[in-house]
């Protein structure tokens, strides 16, 4: 058992981790930048250490400061949350060298799954269905040849990229010739790595992901899927679980395929396998996220698990419960990410929260990083809160989320609540006819 | 189906009703006093009508103003919440005369159960176990005689009283002689009615209550019990469900006894039967509350029902689902009533909410009537919010509530959060050894 | 010059509530100052509306208008029946106790009477429209 | 002109709390002044934090000292090893670049150097205690 956990993050996820720690009787240490001296995670942890100025590079991303904070407070484990250092294998290694347990997968697993080309190869070798794609592209001629053999349209992707950065759809050999060198240069500048490859491009795919947990003893639990197709520029906006696109049989089959694959890989802690679903309902592996995800609460609500508590238990060396058959989802859950941003221009909207009422009542869960009277600094992710609802059916969950959004008051900053309202009242959303192009279609 | 419901209340319960209406697609009308022009229920209902000045007698208790508000907005039903006019049969009658559906029991039922002596007689005739007690007391000699035959100590109660007002423990004939006339005069002054009677006085009873629902077709559902022993001056402070004091057999038996009794009575809508439990675990009927109760959410969480939605369905004429056997409780729920009051002196603490963070995360439900930047006026009930948690076991629910309280920030007013923290960490509470004297013992 | 009377009234109310002698606000080229003679402040006067000196001058425009507000929630009628003439019209001189309108609630016709004499200078609600408690119905200028 | 009443109310609240007679705030082209008659202020003002001579003196001292703050999270050491003398003592004259202390983090001994010359007038952290980023370590008076 740990005694004290340092949370190397801020905002709603830092508070999320504090909650699971506190319910397990663990003490918590927050780290914070100077501008976050009055932030919620700073105020609510048992101890709080200022680790640097507002710039993330000198605070939340600064490994020595975080390790030193753990040292002076006597923390015995570190939870990285998502973003910041959560997928940084050097950080995980440094923790280990300093006798701190990193609550997450091993550094090797982070490396394996962090590089997209090696992740695809690994997934394929583990028996997961893969979207047709190519090896790394050597030069523009090689690129044209590989694109033609894969068949247009193709998606040009950076092996070291993430969050959709550096991706381009190419529809002809001319497109490839026109774009390849520029893309390579941009890619080098952005990721310090110019490795590019192609994937088959799906025009209107769904984005579906499966939540897994793995322990030190090779046990893997697959906790169903999340539907994450509602995205803007590859950033998820609204998620739900389960997905209307999967039949029960597909869910069962895919869960078993994933369980076998990840057992073989010996995956540790929480992770998410992302898939694209084409118009015939076929799932193909996209990537693996070796961390807790923003949208994990929808899974928690329908499966009745506390994923962060499970991460902690696993890191403490406990074994997962082995079940004869996977947990069945109960009801339907939807999450809306509330961002401090202009609903039309999507420009960030920092400020002081002058008025605040978060939705409440039956079946509503709030995971928030702000408080009335507090400040949203301009330096970090605009995600300020998540509203998550749980109801017996999808239609009831939609009605409940509409009700929850209608009663949410956040004064002093602008938010994307109106965008969520437009999504939820759209007939195509109501009927479950969605794809990753939904928001472009909505705005187009 | 209704189209528009007027909510004749304010604060958290008004918002609670708005929620269930909105999820059913019903429009809502808030009524408010002048000082509540910016209150949460005023802001969040679809329409809001100012019905009078701050004094409740001229606004929330003023029947003609509320009826007129329903008329000018075209509401077709009225939900009275709890308190204010919720147990006023004249209000229910006036609604009926004005073609407004009163969402609650019939005026006759409110009269039957509202008078405590007639309620006792009715309960007895319906086969419910009754705490030994007397008829009405005619004079001081009659009182002494009846007290002696019942056996000291006895509890002197006002037939028209409520909320513990006018109750006194008398331990000898001398006590009766010394107190009777004064009590009668006070009682007349307070309730306009000097009818007094005795009940057997239990030194350290538990207070347990059963939630029921009845429809127009004589169906009664019994939705388990709530443990409400944690009280201060007969005001509940913290409630939980289920009660550790009942065995499964007792729960099943008592549920069936109540179902039969209330079916015979033909009770309509939501109601609560309160019982005292003596040290041998025997339950005796105390009173019936013909309305939704403050603490209804603990039942909602463990039974998976929306009691306000059920009240609305019943008022619309729908039938309750008839089950072969009663719903089984799932997990354990606790509610803490957060009052705007000094935690030591219990003096009310109105003011402007300068900082606000309500607890969130898994298994936490908030039913609140305040918002950051809003005002708590001095004119009404000090209850500003309810924190309700749900977890698989009682121990986990206690840990979760402690975690929820620890993260709650309410600036600008004082609250009783510290009192709840003292209760939750008390060994006797943890072990479930509680009675209605718990808080006196804690403070004594 | 555009005079925002409502704003000025807010300031005077604040001056009263907080028991102040002066509030001055300057913004761009605008400046508002509300002042009161310290001697005029009595110990316990919540919501006193006794403007003096400069305050009185500023509030003067307001002062010769007062409002009749609705003491009930209900429906506003200007005449006793659909076919009859309105109780009062703009420009009418009215006396204390004169019926100005009806606010109907629960089928009862509540006659609203003038509490001050003066001239009706504005009718603020349309005939047949719903009114809330405290809604302004008429503006009356003292004569 | 846009009037921020909430702000005004804050000012009045401050006026009350601090038992003042006037607050004036000027910013760009905006100016706000709130005043109260001194005679109107009674003794029975709860939680008054009337600034006194002592408070003023303490604040003044602040003014002519500057602080060396910790650029790292870690453990503060006044001397290079447990047996050696502190790098500096109160009263020492220091020069730019002089080592004042060590902040240890991740087994690394980071020497903290003076960025200004002056006299050490206060050591604010005990030897061996943890420090956060930005914690004040020494107060230096310019010479």
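The chains carry the letters A, B, C and D, assigned in the order they are written, with residues numbered from 1 in each.
We take it that a residue touches a chain if its C-beta (ideal position, glycine included) is under 8 Å from a C-beta of that chain, and two chains touch if they have at least 3 such contacts.
All figures in this text were calculated on a predicted structure; none of them were measured in a lab.
Between the contact lists of chain A and chain D, the overlap is empty. Inter-chain spacing, taken between the CA centroids of chain B and chain C, is 42 Å.
Each chain gets a centre from the mean of its Cα atoms; for chain A and chain C, those two points are 58 Å apart.
Annotation: 52 Å between the Cα-based centres of chain B and chain D.
The set of chain D residues touching two or more other chains is empty. The residues of chain B never reach two or more other chains; the list is empty. Judged by the touch criterion defined above, the protein chains form a single closed ring in which each chain touches exactly two others.
Pairwise chain contacts in this structure: A-B, A-D, B-C, C-D.
Contact residues on chain B toward chain C in their complex (touch as defined above): 34, 49-53, 59, 64-65, 67-69, 71-73, 94, 98.
Those residues of chain C lying in contact with chain B across their complex are 72-75, 105-106, 108, 130-135. Chain C makes touch with chain D in their complex at residues 4, 7, 10-11, 14, 18-32, 38, 41. Residues 15-16, 18-19, 22-23, 25, 40, 43-44, 297, 300-301, 306, 353-358, 360-362, 364-368, 370-374, 396, 399-400, 402-403, 406-407, 409, 411 of chain B touch chain A in their complex.
By the touch criterion given at the top, residues 1-3, 5, 8-9, 12, 15-16, 24, 29-37, 39-40 of chain D touch chain C in their complex.
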